[in-house]
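Provided herewith is a single structure, encoded as structure tokens, for subsequent inquiry.
Letters are used for the chains, namely A, B, C and D, taken in the order the chains are written, and counting of residues starts over at 1 for each.
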């Protein structure tokens, strides 16, 4: 069975480059890894959170202003994945009071929604992408793919996320409103931005990368996956292996630069982070106010919906500034 | 056009009592109220939150343990409203790696969901129920009901909720695992529980009522709306008018006792709180660990999805214990 | 991975009898069969249709009265499979003209639907049930189960059905409004009814069995799968192997008697017909007017939607009386 | 409340021309009409069908070859109305046998679908478009728009359609594979084609117009609503008022030429036919084999799903050649 990309004839549409992709080959092993947290682990680096780590960052809060890092969910909103056959966002009334006005006491409104779980601001869970049939912790589809979804590493297994958060504002560091089309952020880009900001990265951080993509939101013709700027695999490696980031987020659709340079893998940074390093992702983050106010360090709070088996959960993360260290 | 309840022939099924309902008549005015926060207000009592109120409760945190107040979302889960014609919860894979195992590098999983917005632990917004065609702040359906939903008081207008939270464990106070079928909690019940707990209620609190309903979860035959115990309208009035609660939540499906005693209104506490007092609701809250650990006062955090126009949002609230005052 | 039935804990709910089920064991081989129409066949006995067979029955039409054999699709309608985790029927407006009345020229209405494909009157395709991982014509899931569904024997492969139709009115033959709960129709029952009706069965017929279940429609508490009367496997064998029926339909949810007597197989008649004999099924047929008018032989017309990969299609079959032969 | 077109900011996208649209003004009255079939009528010209009319055409059948006039429904298929906020087509497995292979007797597959009702080959019902808040037969939304949809003129009210069908192959008549972008078919175009074909139009016909649009199917970038060729309002008038056609279909998405020349009405032929003349529509018809085989007169059979309240129904119409008269 061919992959959905091929099935939908989107190889061309995605413009998958046929370049060498040597860096990918060097960093990525292309094999799902065993978890250092043991055979039962389903959440990877989120195991870095402890009561002590949470209390530590909670204690550093200096004000009550809350930054809202989530986007609205609405009909016609940009979606990553309708070109891959996924459902567009729908909200529809199942009870409408329109006709009740004069005649009835009660005006009853209710509504349903349907959506791809990777819609709007969302968390990618570790079962979203695997390698050779195995997801993080070498869990195979044979053993853990049930009738209606994965029994391992679904959103229902995810804890609430309360941790130190850091913004790396690459677009601002480069004095750009948004990075160029398909630009792949380098390690040097991250180091420059961090230095200019005066920010220290610490083990266990939630690191949010600003590419400026949200300045294009919600223009669905411009805010799109196909040729977005994003992380290179080297930059992802530096964050995770070098800086010990716990969770990586970005303001674009898919964290990484598209199209992929690897003809065999249209999401090499995803598979490296999810399947090889156990790092979950946050996508389509709203970072504009943090950027404007130059808030680079904060209490980060996110609470994924416990969608049983879910490969993602829409959520609305929050940031509350802390003392800079 | 008759109400959906009548349309679906559920009056009998709901067992709407034809008792006098005099208390309702005395407390409820059955008219949507003007907001004291002005003609543009769409969120009612959530206006009580300020940077100062948030900082105050954040500063009281004493530990890093987080209580998860949300339930899993899964196929076959109890739902309030399938009997009213609403969709049941669905999660379905849109990309499955089952066949890729040996043949392909990439194992790609994705999924969609569809649900009634009032599914699992959720927030009811102020446009969920109105009176005589008007919701909170006297907003009429003529002026604010759009093609696909309300343009006022939808979940997209809701701020993140960070406030002092209080649990009132009525079931424990009465030494019951769950309150009796259709039991209507009285003011005295609340006062007794608060006194036994040694808890002080303060203006702006998120007050969570434990009926014990979640001890029946997820047995859909037992955890149901039709005859659940819950708040009486007097108890709701005492919390809101007397104690100045900002937000009321409970562990049952609909906050209030069912069936209603008002033959004209199957949800009199909803309409009183939402349309007359501007108080939003939290339903199907998981309060079991808080109860077990006797955590009665806490930092409460909830972040509704900004579903444009939504009459509700599923969410996963959190509680972090604070010093008792 | 356990079957969905077990997963959902419905073994008890379905009341699967643990009786011997010896007849099943003797008739059913419990192995998916090779098609006599060759390795490319995906539609089984529908290959019996030819231009000549269609013209023959079209030429016998004696009047222009049309019998409508489909039921309405509506919110709250009975569904076989919500207890198995499938979606309930939804129709929802995506454009509503309610507010346009006075202000705009155009009054625009549109709507979406979502449903389990086995909803209302529908055709079961040959990929709906297989045995040991193989469907009709020994097609394995390894070879033909794609990312989003089957690539073989889906509804998109089905031709329009134009054939001689025959009603066997078992309920009327037994002078019952509906057969008793869980009653298993015998070969003698079919023979008696056919004799009383004076009907001749012919090779290639669409045979519709009336159990009287539709006299309970649309009461979802009564019209249900769990304990419905229906065909025994011997009766199914007599129709297919003895009488060479091309297609079998009934007015109940699942053709056969429930619960199954085979503890290993909750749908033994389905697997016998679909996987072993290549006979597709028609379910939830509206046969009341045919019965009332004693129309036992007719031109049968049904046109399944070509849902790519679909395990079923909702449809609305028609019957037009012919000369009795 | 503004129309959805405006709400979605699609006026520009649709390229609504601001030309004079004088012909529209002369033919269309822009007022929903009373039905000549009485105040209870909900189906308009379909009242022209009788037992006699059906028998007459059934008796003319000369062969058993069936032409299938419906398209496949599949993920990624062209859709008219995703730009208007409607759901894209989805089919998703709710039971998958993938993991059952070796371990279990039963291989159980099931699936759900969700779609805009105007997807693939479909019928537009008379409640789809009205004028000034009233649909056909001057039914107002105040009186007939229920909580979940229209109570009048929904697909559930539609009879099966069995009638004489006629193809007018405009593209072939003009020796074009497809008519030019936005071309508006004239009365002379229809007359020329009919004359070349040697076809007689008769009162009560189902008239199918071939623009050649299906030669672009299923390329969603080319087969689209925005600038498709189709009927002018004069041509529609000639068919309905002149030739007494009962039902009009076409191989494009919306029967008529787009964009509309009327800045107040983006679908003037729809409103003329549906609201003023009571003529239902068939859209996205597959007419390629009829065209190739030069089959211009036939028994037409279509059986809309009885979607309660539905503004459309997907269906799969059939054509069987008859003696030419």
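Here is the rule we use: a residue touches a chain if its C-beta (ideal position, glycine included) is under 8 Å from a C-beta of that chain, and two chains touch if they have at least 3 such contacts.
Keep in mind the model is a prediction, meaning the values are calculated, not measured.
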Next item on the list: Could you tell me which chains are in contact with subunit B and with subunit D alike?
Entry: A, C
Check: In whole angstrom, what separates the CA-based centres of subunit A and subunit C?
Finding: 45
Note to self: Counting only Cα atoms for the centres, state how far subunit A is from subunit B in Å.
What the structure shows: 29
Check: On subunit B, where are the residues touching two or more other chains?
Finding: 1, 3-4, 75, 85, 87, 90, 92-96, 98-99, 112, 114, 142, 145-148
Notebook entry, point to check: Which of line, ring, star, complete and other names the graph you get from chains that touch?
Noted result: complete
Next item on the list: Going by the contact rule at the top, pick out the subunit C residues touching subunit A in the complex.
Entry: 1, 3-4, 7, 85, 90, 92-94, 96, 98-99, 112, 114, 145-148
Notebook entry, point to check: Where on subunit C is subunit D touching in the complex?
Noted result: 1, 3-4, 30, 50-56, 58-59, 61, 63-66, 68, 70-75, 81, 84-87, 91-118, 120, 127-135, 140-142, 145, 148-150, 156, 159-160, 162, 264-267, 271, 301-312, 314-318, 320
